[in-house]
Every structure is written in structure tokens, then in C-alpha cells.
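One chain, chain A, appears in both complexes that follow, with chain B as partner in the first and chain C in the second.
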Partner chain A sequence: MQGIGQSGLLIVAALTAPAGLAEEWLALPDIPPVPADNPQTNAKIELGKQLFFDPRFSSTGTVSCNSCHNLMAGGEDSRTTSMGVHGLAGPRNAPTVWNSAFHSVQFWDGRAGSLEEQAKGPVIAQVEMGMRSLDEAIARVRQIPGYVEQFRNVFGGENAVTVDNAAKAVAAFERTLVTPGSAYDRFAKGDESALNAQQQRGLKRFNELGCTGCHRPPAFSGPWLAGGFFVTFPFHDSPHVTQYKLRDDSGREAVTKDPADRHKYRVPTLRNVALGAPYFHNGAVPTLSEAVQVMAASQLGIKLNEADTADIVAFLGALTGPFPAMSLPRLPATPGVSIVPAN
Partner chain B sequence: MKKALHWSLRHRLAIVAIALISGFAAILATARVSIAEGGIAFPYYPAFLKVEMKAEGEKPMPENWQDPQVCAGCHPRQYKGWSTSMHSISFKDPVFQAEWALAHKATDGKTLNHCGGCHTPIGVATGTVKFDPALGKHGGFTAPPIAEKGVSCDVCHTISGTTAVHTSTGNPGNASFVMSPGRVKRATLKDSKSPFHDTEYSELHTKSAFCSNCHNIFHPDNRFPVEHTFDEWKASPYAQNGIQCQDCHMVPVDTAIRVADEMKPARDLTDHGLGGFAGMGAKTKRDIVHDHGFVGGNTVIAEALGVKGASDNKAEALKRLQNAAELDFEIIPAKGGANLLKVKVTNKRAGHHLPTSLTFIRQIWLEVHITDDQGNELLSSGVAKNNHVPADAVTFINRSVDKDGKPTINPWEIANFDHLNTIPPKGFRYGVYAFHLPANAKGFKVQAKLHYQSYAQGVADKLLGEGKLTVPTVVMKELTRDFSAADLKSAGSKSEKIAAR
Partner chain C sequence: MQGIGQSGLLIVAALTAPAGLAEEWLALPDIPPVPADNPQTNAKIELGKQLFFDPRFSSTGTVSCNSCHNLMAGGEDSRTTSMGVHGLAGPRNAPTVWNSAFHSVQFWDGRAGSLEEQAKGPVIAQVEMGMRSLDEAIARVRQIPGYVEQFRNVFGGENAVTVDNAAKAVAAFERTLVTPGSAYDRFAKGDESALNAQQQRGLKRFNELGCTGCHRPPAFSGPWLAGGFFVTFPFHDSPHVTQYKLRDDSGREAVTKDPADRHKYRVPTLRNVALGAPYFHNGAVPTLSEAVQVMAASQLGIKLNEADTADIVAFLGALTGPFPAMSLPRLPATPGVSIVPAN
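After this line comes the complex of A and B, so read on.
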């Protein structure tokens, strides 16, 4: 992968996205924005992949990134809210890791400004990977010679095994988890037969109704803003609010302590959304068609009819995959001993 | 040329520095007054711009303002209008850039903020606009992408006030506004709500006073009002009838025509048809959703720059120009000498003078032909040659002169207008022509055309280079009438009007 120098260009591409003007449907770029201080290299991506799949950096040795962001499926865990160590469940639904690199900020509430920053969060969340500290986690990495060698190769220096470098490696790997080439992308590049008639109707309605106001092509996430693009959800009142407890979570307000941020969330990508059930920050809505209706009611203030709902669901299906071929990594071993402490 | 201005900014700044060091309140007060008569300091002087950041001492950065593309998601209609408007190219416009570059070189850079304050408020506020002598014919300016977008959505919609009473003339102009970038967007709806940004009602946005902060420009040194569109409006019947800039320039041309004919604000027109939703996903239908094309008379640059949708804006501009003025003829028969043709040009539907803004560069002139029934041309005036307005033409412009009374059209040199001939709102001016009717003629025909150019061809040639841009000429109005020779004779010796047939 080529990383250096791509970042700026892609950010410009993301900003000049269609903006609700249907004549400019854009296909997903092959490479997401890459920060200047963490260029992509093959060795770094391979290291990040190993760390992503390695459960030994959770307190119980049972939870890896992949546990909740399952790359064998839609990049999440199909659960209402994720389950971490000791069967503990967190408050929010796991967002997909596929195409997360196209988000300018991470987590539902945008509290991480980069994938690098995000990667450090779940490791020490008590209901996720449950480590007491990042130092404790990185100390485990240092006990594995195969990792130490790779960190030195990738980052250089004797003290290459650091929390920041581990986060950089994971983020570099995550920047390869992109799915350009979906039916929609082929359509956007001019192959009109890539979408069937119902999907094309859905795309048109998706735009006309104003969904593209927040879910912008090509990633169908919010526009790339350095500080994040946050929207109140639910915005309009509807019966769904109590039915699905949509206002129980204070959203971004918990991060900023600013009441103006109450119930504000980052706009998630709709790439692979068909594989992302259940839906929303609390995973309370079980099906995609119901999620579409909830969005129409709560964000656009309209009751969407069955035909439009079906058309939009069909269109959203055209945002699925294709997923890159991937093999499971061989994790560096500690022959003869386990670095996971006894229960 | 360089010495044409007597900039005293350096001295003023020196006084402020001394005052700050000495810390004496009295001296400080004096110094402040010297920089800005109203008692407040202006960090971007000679632009009267102020920026209020959320945190005290926070430095304005380009990312504090939102890209118009972000706004477009929910406001595609407003975005589309704006993207074809002069506001969207107020910085990029190569004609402006070249004029600004010449001014920059002639004034040692002192026009950077003076012009930039309105043409790229974000570039000035963030100190990111830079002169590059290698650009264009005379040099040009660069700015970060958001600042390049000129008067963009977030420029106007984060304006929280005006510094008009504190300018050196005590009047609005020269970027006399306060920007408070952030999530609060200000506009004319009292109960609007957005899932993305906060909203605030702004009385200022409903009034001409909002526009006045840039559509009124005085020379920073000699304070001469070089552009006075707002002042023209303020003295007009439109102002007295409560018609604001927005009533004509933020509605379709057909509505603007009705506003001028009925002399009522747009909202008071019956069945104005301007209702709709202000944004995608909105639930409340609004009585008026304003257009954001800000169409005036400039039909040239957006299209030349290849701006998408520019032709829509141009079509609107043409229709405005074609409906702004009316022509009429009066014949004053000779009393032994030449007959007089008076061509009356009335400013029927513009709430400011015709032309306005750069009244010494824009061109509105009459082309008049008188021919007798034998086919003889009795008079011909105002026929453009190679797109240049001929010297004999009756033009409705102001003549600008420097401090010594010498004609100049360089805005940085202008100290006065020594001849005023623009046409005020609902007012009129005459073009007067003398002619003889041959004895054998039984009648004669008068043809008149009122022409418009956004700027003189010579200005385009000077700024962009010869042959780079042919300034379009728009026929604002045309009138042809036949007269009988008997009419002239029967009118006898009295100077009286002859009714046209």
C-alpha cells in the first residue's frame, strides 16, 4: 500500500463529495486518508494484523479486537452491545471496523480523533478487554520475542515496543480494511447495470429524502471534518424514541460536558450496513428495514411507506463488500510458557 | 502612484505600541481613538472586521469555518444558488485579483486587508491570505481552500454583529462586521432547529444593514466613498418602503420585478410563492425561503471560470438588467436652430443607482440613431468600436479623480468624483442630442439602445491582458419610434414635447 502523500488528496476528495446533489455519486477510493506521521508499510500492516487478532492483550486472554470487530463477518459482533471479558457487556453497539478509516473521528461519540487513538480505548475498558493499564498491556507485548523483533523492524530503535507504536500498527492494518468495488461503486463508475431497478429507485429516494445530507457518498458517513461531524439523534420526536430507548444515552455530551452535545453522535458509515444488525448506538433496533423507518421518522420527520423502505433497504444492500481475501495471521509464540496470568 | 496615499497606519500602530508599553489608560484611549474613531481597536485595520472566538485569546484558524459542502448536505438549494453567485468567487475572480494585485503593489501591501476583508473574510481573519507576484499578469493572492471560497455560507451565517458605528466614517463599510465562528449559525428564522448546528435568530440578517458592511466602501485614508450601494439604497424610496436588499437580491427575478413595481417587501406580495422548507428533513414550511444566488448585473466571470450552473445565474442577471431601466423620447422642435432629442432613461426597478458599486468602471451608455424617411442617417452616437464605448457616447457613470483632480480609475487613488451621472432609484436622466431634419424629409425614426458592461473593455485588457476577455455587452433596453416631420413644424416655436406615435 502507498500511504505517504495520499492523505491530503483524499481528504479533499472526501470534502468535495456530492453533498446531496445526486448528479455526483462517487465511488469509494481504494485508499483511505493516511496521516503523515503513520505511513503504510507492509511490515507494519502485518504487525497490526497480528495485534488485532491477538487475545492475549485482554485481562483474561479471551478478547481480541476481532472478538467484537469480526473480520470474518461484517466487522462487528451481531450483538446488541458488545461482550468483553468475564461476560461483561458495554453500553453501546460495536461499530463496524470495515471502512472505519473513512471516519474523521472514532467511537459513536467521536471521542477519538484517529484510529490510532481509538485503538488504545478498548484495551483498558473494563467491560471490553479489561486491562488495568496500557502499560500492563504493552508489558505483555514485550514478553513476546516475535513481537519485539517486528516492532524493531517496523519502527526502529531499541525501545520500539510502545503503546503508541502498537496503536499505529493496528491503525495501519485497519486502513486496509476497506471495501471498494461494491455494486454501488460499480454503478458510480458508470455501470448502470450494477444496480437493479429497485436499488436505483432506492438510491434516488435516499437522496431526495435528504439521507445524503448526513450519509455522504462515497463512504456514506458524515463529511470528513477534522473535529468530527456530529448530529443529534433522534432529532424529531416519534414513538420510536421510547420504544427503543433512543434518548437514554447522552451521546457526545458525556465527552464534552456540553449540554449542546446531548444525544449527538458521529454519523456512521452505511457501507456494509446490511451486515450490521442490530442497529444504532444501543443496538436496540433489530432489522435494517426498521432502522430505515426509525431514521426517516427521527431525522427527517416523515413516516416512510413500505415501498420506499424496501427500495432503500435494497439500495443499502448495494453498499456491501466486496471483502478482501484474508488469511488468519500466525501469532508470535512464547514456547513453553503462557503470558496470560492464571485466573 | 505609490505616494498617492498618505497611509498613517504605521504611526497609529506605533502609538498603540507605546500606549501598551506605558500602560496609561489615558494614552491608550487616545491611541485607540486614533486607530478607530469609535473607541475600539481593529486588529485587521483597515478592514473593520472583528473576530470573536469561543475562548479568549484563541487564534482564528481556517478550520474554524465550515466548508460550504458541509452545509450543502441539508441545504442543497441554498448551496446551489451560492455556488453560482459572485459571492462564491469573490476571491478567485481574476479581474478582482489583478486589480487587488495592482493596489497591493502601489500601496506597499496596505490593501491586503482592505480588499480582503470583504473578498476573503476568512483569509484576513486567519492571516492566511498571501500575495504571490508570480500569479497572473500583475500578481495574485493565495489562501487556504476555505478562504478561497470567498463569501461562503459560514462567513455570513456566523456574523454576530456589526462594527459600523466604530468605523472611521461612522458608517457601515470596509468589512465592518463581527464574525463568531462556531456551531451557532445565525439567520432569519426565529424557531429553527438543526440536528447538526445550533441556531440563532439574527435581526441583522433580515436587513440591508447586514449587506451594508461590504456594499459600502470608503477609501481608508481619505475616506472618500468609492462604492456606496448601501448609501444609495438608504436615500431611496425603497428604503422608505421597508424594502431591503434581500427583497430583490435573494428572490427570483420575477419577484424582484414585483417588489419594485408594487414597492412592497417580498413577504407582503400576495401569492409570492416563495414558501418552502429551509433544509432537508425540515418539518416546518417557511413563508419565504431565500435564494442565495445574490444575482445582480455581473454576467461575466462565473461563466468564464466554468462555474457549474453559472448559466442559470447569468440568465437571471440578464433578466434583471433587461428589466431595470425604461427608455422614453422627448422631441424639442427647433426654434430656428437644431431640433433636440431627449432620451429619458429611468431607473425603474433597481433599489440603488444604475450602475452601482464601481460606478467609474461599469459602463451604462446610450446608442442612438436618427434616420429620416429617405434613408439618411441624421445622427449616430454611442456605437461601440472593438467593444470600447466611444468618447461621444452619453454614459451614466461617475468620473473619478485623484487628490489633484486628475482622472483615475484606480480605486486606491480615488479622492473624488468630479462628475456624477448615475441614475438614482426611481429617478431618471437624459441623453440630449441635436439634429437637423432635411427639408425634403417627411418623417424620421429614432432608435435607442441602453447598453451595459460590468466593466469597460479597457479595464479587462489592462487587468488580464489584451484579448483575454471580451466583456459582454448587454442590451438593457431598446426603443424605436417613428416621428412625422409635420410634428416638428406644428409644434411651432414653443419648446414642448411631441407625443410619440
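After this line comes the complex of A and C, so read on.
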């Protein structure tokens, strides 16, 4: 499907790059990549959903995946950095879980190579869910008959309730958390009316400035690379660096211990970025408008004027939603007793 | 509708008390009492639901009504006492929000005369949602265009976003949080097979012992009295009093300053009590089985044997659910900015 937008950009939904565009303006697929060893099934997705929303696998019984990755909102928590058990806050802003399945690596520093691996991290982070070990967490799952039954049905065998299987179920659920069908996607599929004139100008500037060099359609994240796609942030000096403490975090270097990885981060998706304030790895930048200017200064070495900034912000708004209708899960019970330890 | 249960109890769904029973064994109505000044409408209920699930009206942006009154579970948080912002915990166990609309007064000490009044409390409790004032909370609501539009549609007028209207919307939503149709309700309506033999024995013992004196069908809470129905707990001395620190809390006296109200509490509903562990105002009693024994000792002055205890626990389990299917709400956005203050 092809069409000429009002802006004169050639819009295609095919895999070929249109003339005059550095990137392929693809619509988001309905289904993200699925690993061969964790195929999607309805029962597994339903189990993963319950685990995602269940706060009982945090030390205090108060923090679930959804606490910091709120699916009723932009898939994150509107906070500078997330707050876990006992009111503790870590150093990083919660990335959105929406469309995380289109990232080849997880976490800001890409330290997890899959959603399955990622799912295990927050459970034992002492400033997040605060469990002493994954064994302690899975021991709680084993105390809940409704989970034991579902794990057996989904994974088979008497010892189906394992950390790896729990992670697989959560990851399978997360692979359903995708938002194709945004205004941008409809535009990319040929509906010129899906983006207004300002959004189309924003798309064009986004492309001309080179934003697509890292934020590539269709997910507007980095390209899918097995080892991850990392970029130094901030690259150029600017007053923002000091103002927002952008170099206080060593980024991927903390994972690899390689100085070449200092201040390197995975390129995050811009899908639903309008719902993701505040911005960047440390959540220090309060507005999307300011975030766009910070990116122009720090990555492109330019000062973006207000009109261009507004146009790009308008375009980024076209990457919001739509969000799939979802039922509230029922969490399986332990009648007559709580598995959350007493205060 | 009438029928003779296997236990020989006469079961009726009518308002007349059957012969031989101290109480009317009524099924739960589908609709709880609704105040004349806050009629139920779908739009109001939908608005109240969003407010109920929205954590942005807590100081840290991490605590919503649902955090401590989890609708995916028993309408509470499985904790001894609830944990609010900054990991702070108050002195009381979270009562279930399920069927709270059948209570004539709210909170353990009955200090709120309606759900509308109750809804305002936790927002400004410093160990719960931690806002400095209701004005501060409603100022946040006013920053969210999707809420402003809904308040105008539901309540009318340009100044529709008020604390009272927010409380009305939340209360209207809470009046939908009812669980008629439990095994007990089906039994009360004449389906003898709805309770097994043990549950029927438990019902009989529950009645014979006098539990229904306070926990009256159909909600198994106190009777509906405008000023509330309060009972001293614990009434009798027993080793439990010290073991579980049952008299450390002065109860309703703290509200009325009347020594006659010392250790008095509203009689809570037993609907879904099996999902409400741990138990009592301070959450000190870990299991339902132990809670039943504590009640027998402290309120009836008797030591309940294990068989009776097990039978009553089985009967109480028949007061669980069913829970209405519910969609996950979408919380209206503030694109490009967060209304939660920076860390």
C-alpha cells in the first residue's frame, strides 16, 4: 500500500524504503517477535497477566509489575524514578512496558537479553519488589493453589512452578502489550487524514534531522539486534548535561565494565512517549517538549526552534495507543490465610 | 421461596424470620442502599472507577484506593496493616471494599457516615495517600483534561471538579462492588446443594452460638443503623487479648472521646472474609480458623472445639464471591507532562 501524504512524503506499508526517506515508514506489526522456546498460548498469557498484577511477590505485598509499569496508563509510573517497597527509589525512570516486546534487549542498559530475563530482575531488586531471592518469590507462588494448577496446565509436570516458567508466562503476557493502530500507523498504511498538517510537518522534521537514525520505525526504538543497539547519551555537550545531571549515571558501563560503554543506553521506543513523562534514564526532564530539545542538543548538536519542537511533539503524540481492552484479572486466593509476612 | 436444607434449617429468601432461626437468612440484594443525593449513573460509576484506580492522587503517585483495597483480590491488601506512601504503615488492617456499601458506617471505628465521606479520608491520611489537603488532591484532578470533561458530563457546570463530586463518583463505583450469588446466597434462595454438609453444619453452629447476633444476614455485618452498630471487642478476657494486643487500640473512643466507646468497633461484613486474612482491626490474627476461635472466646466467652471451628470456617467460605467481571480502566492522560511531583 502506498500513498503520498499532504507533506509530500511517500508513505508505504511495504518493507522497501520509499524514495527520499532515510527510513522505512512501517506500521507496527500486530504481533512482536516471539522466541521459539516460549510460544504464545492463551492459558500462558492469562497466567502471566495474573502474575504481572499480583503484589504478593514483593517483600511487603505492595508492589507488582503493574505498580511501576501501569497498564491503565502509559505502562510506567509518572515518576522521576520508580518507588518500590518501603518507599525506596532507585536511580532509573521506569521504561514503558507497552511495546517492550519490540526491543531486542531490556532495561535502560540492555542488561537483559529477553523479556524472560528481564522479568526476574525487579523481583529481587531491593528498591523494587525487594524479595531476598527468586527462590523465595517462587515459594510464595507455590503456596497459591490457583497458580499451581495453572502452571501445571500451561507447562506440564508436577514441578511446573519454577522461576523460569513464571518468567516465561510474564513475558508471554508482555508480548500482548502492543499498540498497533496509532494515528501514525494508520498514516503509514495510507490514510493521509490520520495525521494533521502539524503532525506531518513533525514527521518530516523528525526524519530530516536524523532522529530516525536511532528511533527507527515501526517501533521507533533501535533496530532489532541480538546484542542490543546502544547509543551514547548525551553525546554532545550542552547546558542540559549539568542541568539534568545526564552524565551522573555510567549507563551500560556498569554492566560490561568496559569504559567504551560509558553513558551508553539502549534506544527506547518512542511509542506512547507522550504518556511517559518525566523523561530519560533518570527522569530528570519534566516535559516532552523539553525532552525533544534535549535530544536535539545532546545527540544532534543543534538548538531546535520552538516551531520545530512543537511539530515534533505533535508527531510523537501520533505514536500514542490505541490500548487494547483488557479485563481486570482475578488473583488466585489462599483462603483463610495471607502469604504476605506480618509487619 | 422456601426450602428445608439438609441440616433441617428452614431457608427463606423472604423478609420474615423462619421458625427456629434467630435471624433472617436472606440472600444479598443485587443493589445496596443508594443515597437520594447520589443516584447511580453509568457515567458516574465509570468516572469513580478511574479515580479508584488512579495513583496520581497520592503524594508520591504510587498509592491508589486499589492499592489497599485490591479488587483483583479480596478488596484488601493481605497485609497486617496497610502500607501507604513512603512505606509508612498505619495501625489498622484494611477492611474489604467489597460490599462496603452494605455498611451503614465506614472505617473500623465508624467515623464516616457514608461511602462519600469515607472516600475523602485516605487521600489525606499521611500514612496512606499522603496528600497535604483535599484541595491539593482535587487540583491534580483539574490538571487532567479527561477528568475535567467527565466531571462536567456527570455533574454539570463549569466548576464540576470538586472534592464532593469526586467522592460521590468513587462512592457510586463502590456501590457496584457487591458479590451476591455466593454459595450461601444460592442456598438461601432454596438450592440445598449449594452448601455441602460441613458448610450447613457450620451455618447451624454459627447461628446457634449467636454469631448472627452481630453478623446478620444478608451482609453478615451489623444491622443498617444510621449512626452505626458498634460492639466492644474484645468483650471477654482471654489469652488472645494479650497475645494479639487486641486492646492496644482504643477503637471508637478515639473518635467520640467517650470512654463508653472504648474498644468499640463497627461490626464488619463477613462476606469474602476467607479472602481477608490477616484478621481484626490490627491484623494481628493470621488465619481465619484462629479468628473464629478468637471471636468465640472474646465475644461469646467460650472455647470452640476444632470440629465446630472447621465447620464454621467452611460455612464462612460459602460467603466468598462471585466477583463481577470488570474491565481494566484507562486513566486519562496528561500528554507530555507528569502531574506527579519530581522526587
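Rule of thumb we're sticking to: the second predicted complex is superposed on the first by the 320 of 343 C-alpha atoms of A that agree within 3 Å, B and C clash if a C-alpha of one lies under 4 Å from a C-alpha of the other, contacts with A are read in each partner's own complex, and residues count from 1 in each chain.
In this text, a contact is a pair of C-beta atoms (placed from the backbone, for glycine too) under 8 Å apart; a residue touches a chain by one contact, two chains touch by 3 or more.
Computed from a predicted structure; not experimentally measured.
In the superposition on chain A, contact is made by A:Ser338 with chain C only, not with chain B. Using the contact criterion defined above for the overlaid structures, shared-chain residue A:Gly146 touches neither chain B nor chain C, since it reaches no partner. By the touch criterion defined above, A:Pro91 lies against neither chain B nor chain C after alignment on the C-alpha atoms of chain A.
When both complexes are overlaid on chain A, the residue A:Pro329 reaches chain C alone and has no touch with chain B. Contacts of A:Pro55 after superposition: chain C is touched, whereas chain B is not reached.
When the two complexes are overlaid on their common chain A, residue A:Gly181 makes contact with neither chain B nor chain C. Shared-chain residue A:Ala73: touches chain C; no touch with chain B. Counting residues of chain A touched by each partner, chain B versus chain C, the larger count belongs to C.
Applying the stated contact rule after C-alpha superposition, one finds that A:Pro35 touches neither chain B nor chain C.
Comparing the two complexes, no residue of chain A contacts chain B in one case and chain C in the other. Within the complex formed with chain A, the residues of chain C that make contact are 53-56, 60-62, 67, 70-74, 77-81, 83, 85-89, 274-275, 277-278, 283-284, 286-289, 313, 317, 320, 323, 325-331, 333-340, 342-343.
Across the complex, chain B meets chain A through its residues 63, 66-67, 69-70, 72-74, 76, 79-80, 145, 183, 193, 195-196, 198, 279-283. Those residues of chain A whose C-beta lies close enough to touch chain B in the complex are 12, 15-17, 19-21, 209-210, 212-214, 216, 223, 225-227, 229-233, 235-236, 260, 299-301.
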